[in-house]
Amino acid sequence: MRPSGRHNHEMRAVRITRGFTKHAEGSALVEFGDTKILCNASVEERVPPWLRNSGRGWITAEYAMLPRATQSRNDREAVRGRQQGRTVEIQRLIGRSLRAAIDLQALGERRIIIDCDVLQADGGTRTAAITGGYVALADALQSLIKKGLLKRPPLFGHVAAVSVGIYRGKVVLDLDYAEDAEAETDMNIVMNEVGALIEIQGTAEGHAFRRVELGQMIDLAEEGTRSLIEAQRQALEA
Amino acid sequence: MRPSGRHNHEMRAVRITRGFTKHAEGSALVEFGDTKILCNASVEERVPPWLRNSGRGWITAEYAMLPRATQSRNDREAVRGRQQGRTVEIQRLIGRSLRAAIDLQALGERRIIIDCDVLQADGGTRTAAITGGYVALADALQSLIKKGLLKRPPLFGHVAAVSVGIYRGKVVLDLDYAEDAEAETDMNIVMNEVGALIEIQGTAEGHAFRRVELGQMIDLAEEGTRSLIEAQRQALEA
Amino acid sequence: MRPSGRHNHEMRAVRITRGFTKHAEGSALVEFGDTKILCNASVEERVPPWLRNSGRGWITAEYAMLPRATQSRNDREAVRGRQQGRTVEIQRLIGRSLRAAIDLQALGERRIIIDCDVLQADGGTRTAAITGGYVALADALQSLIKKGLLKRPPLFGHVAAVSVGIYRGKVVLDLDYAEDAEAETDMNIVMNEVGALIEIQGTAEGHAFRRVELGQMIDLAEEGTRSLIEAQRQALEA
Amino acid sequence: MRPSGRHNHEMRAVRITRGFTKHAEGSALVEFGDTKILCNASVEERVPPWLRNSGRGWITAEYAMLPRATQSRNDREAVRGRQQGRTVEIQRLIGRSLRAAIDLQALGERRIIIDCDVLQADGGTRTAAITGGYVALADALQSLIKKGLLKRPPLFGHVAAVSVGIYRGKVVLDLDYAEDAEAETDMNIVMNEVGALIEIQGTAEGHAFRRVELGQMIDLAEEGTRSLIEAQRQALEA
Amino acid sequence: MRPSGRHNHEMRAVRITRGFTKHAEGSALVEFGDTKILCNASVEERVPPWLRNSGRGWITAEYAMLPRATQSRNDREAVRGRQQGRTVEIQRLIGRSLRAAIDLQALGERRIIIDCDVLQADGGTRTAAITGGYVALADALQSLIKKGLLKRPPLFGHVAAVSVGIYRGKVVLDLDYAEDAEAETDMNIVMNEVGALIEIQGTAEGHAFRRVELGQMIDLAEEGTRSLIEAQRQALEA
Amino acid sequence: MRPSGRHNHEMRAVRITRGFTKHAEGSALVEFGDTKILCNASVEERVPPWLRNSGRGWITAEYAMLPRATQSRNDREAVRGRQQGRTVEIQRLIGRSLRAAIDLQALGERRIIIDCDVLQADGGTRTAAITGGYVALADALQSLIKKGLLKRPPLFGHVAAVSVGIYRGKVVLDLDYAEDAEAETDMNIVMNEVGALIEIQGTAEGHAFRRVELGQMIDLAEEGTRSLIEAQRQALEA
């Protein structure tokens, strides 16, 4: 039995609120249950030095948790003077995953930065950030179309992410914090709309996992990302 | 005529939503018009080294703007590796102002940290943070009472803050960003519930201001903080 | 009775020594009693990026205390690797105050940096730094006139600063360290030569202060800055 | 055809030289072809604060490339003043992978740090570091046995890692730099001696990869890690 | 001919003003011509961790130049966020040299920090800092005797330092900035009162120097330090 | 008797292995007994800002010890976020010493960086780094000749360095760690092939040293550097 009472293949309630803030070119508040992340996409009409005059654009992400997004307070990274390893790892994953969704050549020499700030955390923040970040990105691309800077969105298709894992011997979908803290295996999977893999990151926290378990986890992730992509579609059509 | 169409002595719509997040001992989303700040109060059962064994507690504040809280994106301070001068100045002001509201001896050897994270900025973030931070602080004190760690809230009374200034020659209350960017004088005033001054910080941006103008600005601030304290009361009674 | 035996409206002995060091375009040692600050003004023929091609100049200040300027030694900020919040706050105040004295358009695209290094501290360092910094600035402008880069000093007039406060229930002028450490209210006021306000920063350290007290403090500050401006004049004419 | 002329399932020549330096409790130079990494294991008789009095030990890793380990020189991280995101990500992976090999309770309250310094890089540094780090760790445990601090090595078994990927449409084992730079999919797999998965990290650099390709990559990785564990055994028995 | 008109073996005017500031346990302003350095000695009743319970004391030095001590302004190290290599090198030299003057066992478990802040620079700052730092140190030791914490000053004797060099082919004593910038060889020599060497640091800036030149430089340094030690004695007896 | 059983004038076994790594333009592993340093020279076709358009080139060095190069592990400087004072001092010495060997005008506007990474330390790392760095530099210059960018190596001649000191009252050559830790005087001497001095840095660790001892130390250093230059020649001719 999962702490939340959910079935093993059951996701938490997912909500995506577009336009949560007014200044960003794209803005979405994404909620996976009690995990709440504000994803803002900002367009910059310049690229990092190594892309200048390449005709190609770039997508990066930055991630942070508000100090009290969690049960006990974490030091603010700006006060410590540096981002933690975990933060760096997550923002690199978000950036890589969203770059897989976009034709950087068609984007042209501009950079879109996806800021993912966790207002409240209850497990699965990196997968929620990718899922919500996609919506903010899509809206930022729409703003470029409205300004006449692009003709059509340079997207290859949707990208969404979900966590799967082995909790008390069972393969489960979309782990919340209570499960995450105890899971034997923890895996984050990023998929596109045809169920192909963009990123897979799995870690055996307890004992090593077998290939049959890996297969079951990917099956669940496929279900999960399919429903997340549906939620993205509904949000973007609203 | 003010850009927003408000009267000179008219504040923006103020909204204080308690319990905006679930983990913090006190949490309030404060809105002054389009300025939206999440204030979370965290209780720590220890004090800075220079207060150990003093029997006294401490209140500090930390302030940050999400990178895209503003019209154009600001670099994330955690990425730059340090807080900007403006940030440091604001969080020191918030901490000092809220310490004026509380009996640190009665609080006992514990520290309450007020995190003020600006989700969306439209001028007046430091005064909104003080006003909302008071509510988060009051709730954190209630949590200590519920746990039996305090008998009554060690508060001297309410504290609230508002900006006043001279905009196009007129003394105005609660400047939004459009006014702030052009104001000849910009002043932040922190007051308690009997209209006495806790902090006053005024800067002539254009030419120097006269004492009669200072008097008019304080008059407006008195009105403004009175209505803000009323809003705090309603939020806390809700 | 004040610890120093001074009357409530009595300033400490003020001394301004021009040309204390030889390399800077403007250099003044300012003393308010035992507070001694070396103010050096350096001219740079370039401006910060955001002012390039604007035709306007800029004034900034940097402030530091030598580690043993105070009764007990403070860590050197260069060793810690960052400036403290207090330092940042003070140097921003000095810069803002001196910018109010100067026509940045007439200065032209150059930057003047005012370095204020406290050799010995006994309260009131920020107000002494503004007062002495003005003299260093005026001398640096003279050096530009001598080089034929300016025709006349682009100054609107004098600017000086003094602290006032409430010490043991009495409103007093120019607090030294012994008073500062115990004052109920501590206020720094920057004024120009006609007694108009450029900056006011007041903090209730104990209980909140009333408007009548604010008025009395500004009265004292007006007297104090008038005598400081006289001291600036004498130094500059010497 | 692979740039090196290798078959798709063929690893580079692997060499593990124990005792490459004399001070460390465990030291191994690991070579995967032209990739050369010095792995030193240091034992510390204390643990991080959050493990004190837990009776449990800890394993961490640190990773760095010498500035000229690569074709063009990289800035030294100590000069820049911080580790790059890639470095942090890799050293977290190494630490996590080696912790999976060891019974931290049986290790007791001590920490073993595995320093992995890349002397020369030609792709696959993180997998070589894990593979060589295991040997350094095993030797450090032997040193504890020799000192009478442990009775037997608290190892669950071997752990080794190898990269797999899709290069020009083919699934290949142990990518060198020439392949890595062009691969469509890049995956690092950490396995134990029974072929169970400890970590899997795969990224689609070009288009998304399908589950059948994932299966083929894991097949190759299983072969690769089996031969690496054999190389570890030979080194440790030498 | 030297730029200053001095003879090759002639030092600049040396002045040592004790008690230049009032808070430090020892304070001396040392002047070698236009080079002016404030040396403050602070006593701390604790030692670095690696000396705790050793019964031994420690001497360290910190060195800085005010930003406009020099002809063109240098960035403030506290603003840059770190001390430059040159600074670190100099303060290590000062500390080492002064430790050679003192019996650390007799000092007892306390630390004396010598802050050397260059108010104005004209070459030879490190040697002036050592020479003046000795006087501040001696006064700080007197303050410990006055407090009854020491019976007698734990000094082995005097230590002073001077620069020598080869300027336009001639061996010269006590180089000023004009000479230093062009010298072929630049050497700093620290000696005790019997002319034995405590530290020698010589660098060929142009071509390498011969042993006979080295001998001539040491001869001059011996003369120079003898007169500096005489100046220290006079200052300390005043 | 020296701990190693060597005669007072006897160096440790010296070995210089060219081409230790394959990417750098010059690469040499230098060994002085158990001290092993990898010296890599990298050519950059640009110079620091202050040399642009001067027609002159530049040589810099960077130095680091691997964390476990020593008997007990040192924190990694990249993790601490800054280089230690000792590191900065050493790399400045290496750069200065190697610049003395080269005609920077003839080198042309390019920079050569000498990375000296200590794989294993047993005393004398700075002198070994200079000696091996020279070989890496010479090879990097050969690579420029091969590319047709230089006609002949712009070297004035060889440069090598060795430590000398006073150990248990005797003047000894090439101190290892056991001697270094106890030496009364520790001196590093950099010489060219005609025995002229490029740098001399001597420190009395115990009591001050006399000029006759200085002479004996330089005699030994002359012998030592002569044999080191011979070793450089053999390596470069191999």
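Order of writing sets the labels: A, B, C, D, E and F. Residues in every chain begin at 1.
Please note the rule applied: contacts are C-beta pairs under 8 Å (C-beta built on N, C-alpha and C of every residue); 3 or more make two chains touch, one makes a residue touch a chain.
A quick map from chain label to UniProt name: A, B, C, D, E, F = Ribonuclease PH.
A quick note: this is a predicted structure, and the numbers were derived from the prediction, not measured.
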Which neighbours do subunit B and subunit D have in common? A
If you check the contacts of subunit A and subunit B, which chains show up for both? none
Over half of interface residue numbers shared between subunit A and subunit D means same, under half means different, so which is it? same
Approximately how many whole Å separate the CA-defined centres of subunit B and subunit E? 50
Centre distance in Å when subunit C and subunit E are each reduced to the mean of their C-alpha atoms: 33
Report, in whole Å, the distance between the mean C-alpha point of subunit B and the mean C-alpha point of subunit C. 28
Among the residues of subunit C, which ones contact at least 2 other chains? 81-82
Specify the contact topology among the chains shown, as one of line, ring, star, complete or other. ring
Circling from subunit B by way of subunit C, one passes the chains B, C, E, F, D, A
If you look only at subunit F, which of its residues touch subunit D in the complex? 21-24, 27, 34, 36, 38, 40, 42, 44, 62, 64, 66-71, 73, 76-83, 87, 113, 115, 117, 119-120
Could you list, by residue number, the parts of subunit A that touch subunit D in their complex? 82, 85-86, 88-89, 91-92, 96, 100, 187, 191-192, 194, 196-204, 207-211, 214, 218
